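Heads up, the next two complexes both have subunit A, just with different partners, subunit B and then subunit C.
Take a look at the complex of A and B:
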């Protein structure tokens, strides 16, 4: 929990569009994924990675997490993408087609090499693997544990349904098992789970319904294809006022308990102990990001003084 | 030449008139009496109907050097001004001043009559080609740009004396009772024509929908109308639609709208009795949409929506979110429909709307107005008249009136427009003084005028991206580079009058 980071909204931005790159600082998504893969036509692969490099180098007052989706490592562009973009210091790499733990391990090795070459702290570049095929879903547990750099698993439904030879529907029943398996793997590894994109940018109700489903299952964020989707997704992930009020009471209660020399206390007849406090802390951090509470909860409030 | 309080060089005289440099928004106070109008007598059995526009012009006694007016409720769909000027030219009359409430691109048809001397000058702002040609030095006629409130003031105090007002009347009876609600050219509110009807020496009602007596509701009464004339068509009401009347889908515009709506919520003004004005642009409507949601959520009942009215505001009225609409001009056909059927959709004159020299205008009761800009400077002065090429292309509208009147005046604009930064060291032309602007909202940040320290604090508390306007400028210029200043000749092509009649700026000829 120490390196808690809100990742409710991860917005894709095409890496070959200067007009859209230029607007990255202004949107209030938690992260952007600058895309060198599917959004960029073959004829522009080379130009795009240089454009992205220069954008990143000039984006000095960074106000969100910056990931770059490179081309698959087994394509002829993947390595070159890393080579050009990493010196401009993105926060991490979104790895497409992360079908096996070995693919992620290969990326991990490459990133370590670049970190050494660039004289950076080892482990600086984070990794977000995309689980987007039947094989990746089966391998989810291994992938989740394949690198210390992984902070979350991302589920990619478009490629997944293609690999399953099925249609993607708005109801999403066909995705249920895969979504759940990605979640189990992520939660078991103690990392976040990011849901797939919702492609219809004019269907805000559909987006809301799908995001609500993902949240109920346990996803903590969603990938987006248009900035207009940010607000809907944040609204869904925003804690309800009652949840925030309750969380504040929990923290107050546990602080009171510690004064009494105990780690357990009753609040309105319900037991408050470590897991309850942990959940409350998470609610309050999310509430802080939404501007619902004024101060960020500190570690000492959660765990007590050492 | 004298400098006004904003540092702009103002000549002592222009087009034969002594000028007062702008000093501040509120202290200039009028004296004397309102402009008189000749009285007359119409006996039983008298006939006001004349056979044609030409006969009406002849009957009105229009002569060389006189001033005429039309209203712009049909906006870019108006046929009347072109028709009147063509007839005036055909009658051999010259040196006519145009004091319409606005001139639109459709009126480029009268340009040959400007060049030939039929038209001697404009006592009003111009949109489009006429202003562009004037800026290039190709039209040698004076142009005096006024706000809507400023125009009503000028007509009321007599600094503009209209000799003949030609009022496009979409629904009119033979005695001259008229309204804009019904008929093939229905345009809704006739707010701009009402001051003309009261103060012009002669009033000609021009209609394409002559109805049996009486035409009700009576908006402009027969007691003010000298002649009535029928024409085939007054205009194309489909073209009254002002710029865009749909909510923007551009993510940058939506981001601006989202910040603007959060500024309104933070201001504390959004409560029962809230009054609000927006224009018709996509961003303004997106702000209105967010206000609508916020009002529903908070179960807030607003007081009135104001200004140019769109179907969007009509929806809010019919939903009960406003108790009234104060409508000086209908911006789309849905607003036109509504004003004819909704009792609480109130037509107001430009005088009632925004004139600073009467016993109180509606804009003084506004809580919040959303306004656009082509440029803003670091003192919050706003330009809406000239474009980045220096050409006079837009009229002031109600910009400076509502900014002065509203408690909270918010400029919404993208930080970059046509590759140029919106925030400048100096705006090309000052339309609206910075001391009447509260907040500038761009997608890259929100700048708050020093007059509103509490609001600034509250926005920071709400974690909105509050920035000093200089920093906003620097940030944008890092992307765009610093634009090279425009070069101008000394020659003045237009005056920008502030709403009180003092001169806030001049437009000079662009050096080509």
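Take a look at the complex of A and C:
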């Protein structure tokens, strides 16, 4: 939790469209994923990576996390994408088709080589692997632990349903097992879990319902295909006022408990102990990002002084 | 860098530009732009700078601009130059 970073909304931006790239600074999402993969036709792969490189080099006053989705490493474009784009210093790489831990390890090694060559701190470039096939879902636990650079696992339902030879529905029943397995792997590894895109940009109710489901299950963020989706997703991930008030009471109660020399106390008839405090801390950090509380909760309030 | 063959790069979307390159004995640059009156000089300066940096001494360079910013002009022109130089 020490390196907590809010990633509720990760917006895809096509890599070969200047009109979209130029809007990145004004989008109010937490992160963008500039896409060199599916949004770019095969004949324009070279053009898109040059455009993204020059855009990033000129975007020096950055106000959000910047990831680049490269082409798969086993394609003929993946390595070249890294070579051209990394010197322009994105924050991380979204790796498509991360089917096995070995694929992520290969990316990790390449990133280390580039960091050495560019004289950067080792580990600077983070990695967000896309789990988007039956094989990736089976390997989720191994993938989550395959590199120190991984800050989250991303579930990719479009390719996943294709690999399963099934249709994706708005109810999402067919995704339930995969969604849960990605979550278990992420939580067990102590990293975040990012839910898949919702493709119908005109169906805000559907987007809201799917985001609510993802949040209930334990996802901390969602990938988006259109800036109009940002607000809906932020609303869902924003803590309710009652949640924030309760969380503040929890922190106050546990601090009182510590003064009494105990780690457990009753608040309105409900037990408050370490896991409850941790959950409250998470609510307060998210609330802080939404401007709902003034101060960022510190580690000592969560764990007590040693 | 040598313009060894006829190529193009970019798109006709707004905020973008098309670059057309062709081999020629001498270097000529023509620019057409939706914002030629206001920004023609600046576009020209950027194009010249990129051509100089890549040591382009001959060829026909044609730009059709749709209001692109500097970074896009640089990127599209570079893409075209790499394409023109490839075997």
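The criterion applied here is as follows: the second predicted complex is superposed on the first by the 303 of 306 C-alpha atoms of A that agree within 3 Å, B and C clash if a C-alpha of one lies under 4 Å from a C-alpha of the other, contacts with A are read in each partner's own complex, and residues count from 1 in each chain.
The working rule: contacts are C-beta pairs under 8 Å (C-beta built on N, C-alpha and C of every residue); 3 or more make two chains touch, one makes a residue touch a chain.
Here the structure is a predicted model, which is why all the values come from computation and not from measurement.
A.B. asks: Which of the two partners, first being subunit B and second being subunit C, lies in contact with A:22: first, second, both, or neither?
C.D. replies: Both partners, subunit B and subunit C.
A.B. asks: In the superposed arrangement, which partner chain does A:51 touch: subunit B (first), subunit C (second), both, or neither?
C.D. replies: second
A.B. asks: After the superposition on A, what does A:296 contact: first (subunit B), second (subunit C), both or neither?
C.D. replies: Touch status of A:296: no partner.
A.B. asks: Figure out whether A:231 sits in contact with subunit B (first) or subunit C (second), or with both, or with neither.
C.D. replies: In the superposition, A:231 touches subunit B alone.
A.B. asks: Contact-wise, after the overlay, does A:135 reach subunit B, subunit C, both or neither (first, second, both, neither)?
C.D. replies: So A:135 meets neither subunit B nor subunit C here.
A.B. asks: On subunit A, what residues does subunit B touch that subunit C touches as well?
C.D. replies: Looking at subunit A, the two contact sets intersect at 22, 58.
A.B. asks: Within the complex, which stretch of subunit C touches subunit A?
C.D. replies: 9-11, 13-16, 68-72, 74-76, 78-79, 82-83
A.B. asks: Where on subunit A does subunit B make contact in their complex?
C.D. replies: Listed in rising order, the residues are 22-23, 25-28, 58, 226-228, 231, 291, 294.
A.B. asks: Under the stated contact criterion, what part of subunit B meets subunit A in this complex?
C.D. replies: The touching residues are 249, 251-252, 254-255, 258, 443-444, 461-463, 478-479.
A.B. asks: Quick one: in the complex, what on subunit A touches subunit C?
C.D. replies: Of all residues in subunit A, those touching subunit C are 16-19, 22, 46-47, 50-51, 53-55, 57-58.
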